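Dropping a structure here in structure tokens format, bear with me for questions.
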């Protein structure tokens, strides 16, 4: 290369290597969003394998609401709502589980495995590692996580695997529940005492004023976010993410991030540069 | 207990313990059949956990043809046949994968985990451990296994887990294939250098004369079975099982068994008694 | 086997395996009695090897009073008694040690080793692991155990051996003492924090009324046994066994047992069935 | 100390330390003779513990002919001879075993254990580690060693113990045999691939002319000894020792030694000085 | 950062990470030249610590001819020459050793240790790891390396240190020799089976025509370099470097490099970019 | 050897072996004095290798005042004094470092390595393991040790090396300091929690009356030494040694010794005899 090219490249490397070293052996939980899927999946998979290759312990968590809706409608299954929340009867749960574990999870796993045969798809039923109970009798099999048994994920990570988690949980009797993926990612990050919890979304980060792109916050504390939830600055769809971020950093996760999954290699840019990108939540 | 009861109990224990010791640390691959499912699942799950508890490395393999057929028909998906074999187009594969990985596999995993949180559901896409290629362009995504990468299963077994395998495989480009579960069980047993390969079915074993229950064979060699396949004594549905048995014992599996899954605790009876039960295939 | 045979056998196995698993790695101290010797030795040896084969850490303790008496009388050695207790002078001790270590111990060791080359005969002089002091000057070299140094037995057990203990002890100056084998077995079980302490005798267990076979107790607490010793229900010969049982369960041994050594495989029946056999002493 | 004392002491230390280092971790088999017993036992025991303390793996082997004779005569047991060799019937064997295992072995073990609780008395019946068969039907239970299973001694040595071996062996059926202790010591040294095999006797070493103390050989080769046996220079009582020495050095033992057990600390003087003492046999 | 900045940074990271992973655990020997010293030392030290931080095993080798000359002249020590080569008498060797080990080596070690306390200065006398013999009696204590005992460097590297080597060697009698640092670096790289051998110089690399900067070779084979040495294209000062490069790649070093030490972070640019920089020598 | 020789030799061995065992694995710091150098270096080196060979962890510390003075005068470098203490400017430091690290250290290292390739020469700059700060601005680069980072020496010792320490220290900015070798030896022994700290000098030990050789103290407590420093019984040159001895035994070093380095093998005589030699300081 020319000397002119050399300088900027050297700067990036000198900046990145200390982060690469610092995060080696550290755990990161990445929530890969339904909205961020599609074209970006291959680039996302490449980043996940690169993070793994420099020694990070990466756990991917995903949802799949739109895909569940598709199959429900193809099967002509009607959904009841109680207070605006979808009721999950046994058949709906069965369909949701098939879609999450048997379809969305498989697509992420097989895309990662083209870059390196490392991904293992799991759900909370495997070794019963996500324990849940019913949120409300009226909602059926919608669950809230009671406990994350981190030993299962630890053993997969120590074996060098990348766990990809579909957020079906179970209770002691073997009954399955569907749980919110954003909330599950936060609970897993807390249980793993993760270095980072990352939400990949389709916006650039958290805005002080939801309507104003210029009000993007590059750093925000958990307390400030609490205030923003109270005063309505955080919009509905962001609440589970934002609330999980504040919960996680208070439970020992060092940093939580809301990043724009549409930016190629956004994970590398956030992790390995001084400036970072998107919004970082601090305790 | 009374002395009268004591004698027969003592006899069973004296007979069983040397087998329990001998099989500790040994690998067994159990193909759990679609037909044997239903009421017997809980008893089967108990046996699997008991075998695991005395130190055996247990791998469960399952199919799910009838359940795939159910969802295909609910979705109104028509199936074409070529030379009597079902053509698996992309949509059929997607549905088969959802059913096998997201439904049948989940039921076995969660039933085992009620007896002990040990089962981990996997498919051949996880770590890409089952490599396959298309059997024939006309059949679409029906695959034949080219390679079993046993390291993935070894790591799960060394972590103390019970892998439950849905027989979806993948090629280097990440394309999934549906593979025959009986054949996959044989390939896995061979790759694992298993002590035993067991097919749980709804008949008592292999008969010399398919129509005559009294002709049940308690032991049969691979060569004898080859002859029976050639002269038509083995009926169509049994051929993948029987051929996998002969292939596996020739590839180093010590014994293969065809057992009647309807007999409660048939696995314990076969493994831990002198007389055994069902049909045992020797090299 | 026939289906009719299969059911009862399966029941025994399903019942036994959880015990086999639970006791794996646990320590059991078995006092093999002089009276129970003879024809039953080979069956006893087989049981000991079977228990060892499923991972139990087995320590055998034995006495040999009758055999000592035989040699004393052959040598024309007269024995003095003080308050009904035999005085052990230097020559008597020498003879007792020869018989216990060089004859009775050897017979048990070599019989076990026909079933599996695992038994190592030891006495408390080896590594000085049983420390004793004189009970009374008048009784000569009759000792009471002051200390069991469990590290020696632990190392033998960790090497996979079955220690067979002749109950000669020593003091710091190297002087040997003869100690009561029943009492020694209790002290060893306490020091080893054993799961079980077992006395094999020639009666079915402890009776509420010594004269009434129908009053056999299948479970009894240490407190109840204390009462029975005080009110004379426990006869003289049983007192060291019964008192050692109560002492051991109070010192942390989980269960103590008095079993009928004449019942073949009585150890397997007690350990691996729900009902058990003989008398179990609880804390 | 004074400078005058310092020089000679320093010379001994500078000479000894390289040997102490060289022999650390090496195995030595010491045959402790019946004739050398008595007053010297305590000094011998001290040496054994010192050798152990600098990392040597020490195995002591002993006989006990005179003591066996004593008990036989006390019991009025007559001995038959065939071609000058004592016939060992079942009763004689029983008595020999009692004396060797239960008396002579115990005295050595307990004397060593006063210096350090390290000695474990064993016979070839323990773990069946000395396999023998009958030398001749006419001689009864006089055995020749067929095989030494060194794993048992290796495990004791790795646990840090000092095995003290009484030379009773057994066959596969559990039958015991009395074997010559000199020969057994050689067989054990060969099986252990010992650095040294040492016979402690009551003469200064091997003489070129048995009648001439001045003809003591300080070094002699196996071939020279063969010649001396052939030409009668080696007297009857020394033959098993001398023949075992030549056999052992040819089987891989580096050096064999015949030392005078009456010289205090003769083992230290031989092992840790340049000049050595007694007779050293080289391959 | 802005999205405009993000793209180029992401490109550098995606390119670099696979190299970072590939070289983790690999050994690299870097010859740091006397000419390249001075202002660049701190940047060089930073690069060495960064390479170490991502898991590379880094060995630094240095010379110090100019600094030796300085002290010789300050001390008024005259140097004789034989055939154009400096004669190293005992006093010259003493001075050279003081300068290399006590001055140049110290400066490199202490500069690295400001970035991370990892550097350990050594010479070939430490553990006698560089064995040499005299090149010619007339030249005095100028040595050629006979043997590199890599265990010493391996132990330092396994302890996580960065060895900094002053190229004084020794013979079996303890005599020191001064050896050429370029040649020593090649010998060390070969002995370590290094992934890379790097010469940092004050030119951009190897030129096809020494006088023409535009003829810089970015890749060249060992055979081509042999030809260039023969036909005089390689100038005198470069010959030890170039000859060591060809020797090393033929001895198993994967790649040798001649780089311009004046370019900041030239090591990172060479190791972690696709294009590389300077000249790479291939087998 | 003759029996007359045997007795005294055996006595030395019986006395020495328990010490050899006791000190195995223990750490000893030996300050090798400038005055004791010269002819005795080879004998000293032999002792160091012998101590290492019986498992001791040996650290050698040395000074080199006279040799520094030689080079300063050869270079015509004048030294200023402040209050009787030499001022160390940058050039003086540079020269001191060259002499200590590049000359004196090298001579000790290469002499030891003729006896066994074990010695590694280090200074406090290596891994920055000796941290110092300036004693006083007027004295320039004369330092006092603030901290000994024992991990570096521990890793060298665990790798089986013998560290030979030149007492140059550094501060966080990489600035070097010359520190008193006697004091440094004491600080290192304290940090290592050494069993022994030894000063080799050219007198027989500490005298109660400095002028009276007959007043040599064979044992003295730290408190007594404090008194002797206060009342002037300890002369100037001995104060750093004596004060370091008292400091070390109070910081956990078990014993400190002042020995006469002119007595051959004085280290062996002190360590491995009951009587010892020289002066031993107790807490």
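In this document, chain identifiers A, B, C, D, E and F correspond to the written order of the chains, with residue numbering beginning at 1 in each.
Quick note on the criterion: contacts are C-beta pairs under 8 Å (C-beta built on N, C-alpha and C of every residue); 3 or more make two chains touch, one makes a residue touch a chain.
On a predicted model such as this, the values are computed, not experimentally measured, just so you know.
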item: Shared interface partners, meaning chains that touch subunit E and subunit F; value: none
item: Distance in touch steps, counted as few as possible, from subunit C out to subunit F; value: 2
item: Approximate Å spacing (C-alpha centroids) for the pair subunit A, subunit F; value: 60
item: Chain centre separation in whole Å, for subunit C relative to subunit B (CA means); value: 47
item: Multi-partner residues of subunit F (each touching 2 or more other chains); value: none
item: Chain contact graph, described as a line, ring, star, complete graph or other shape; value: ring
item: Starting from subunit E, with subunit F taken as the next chain, the full ring order; value: E, F, D, C, B, A
item: In the complex, subunit A residues that touch subunit E; value: 1, 3, 5-10, 12-14, 16-18, 20-21, 46, 50, 53-54, 263-266, 268-269, 272-273, 275-277
item: Of subunit F, residues touching subunit E in the complex; value: 74-75, 94, 97-103, 105-106, 109-111, 113-114, 117-123, 125-129, 149, 152, 155-156, 159-161, 168, 170, 172-174, 176
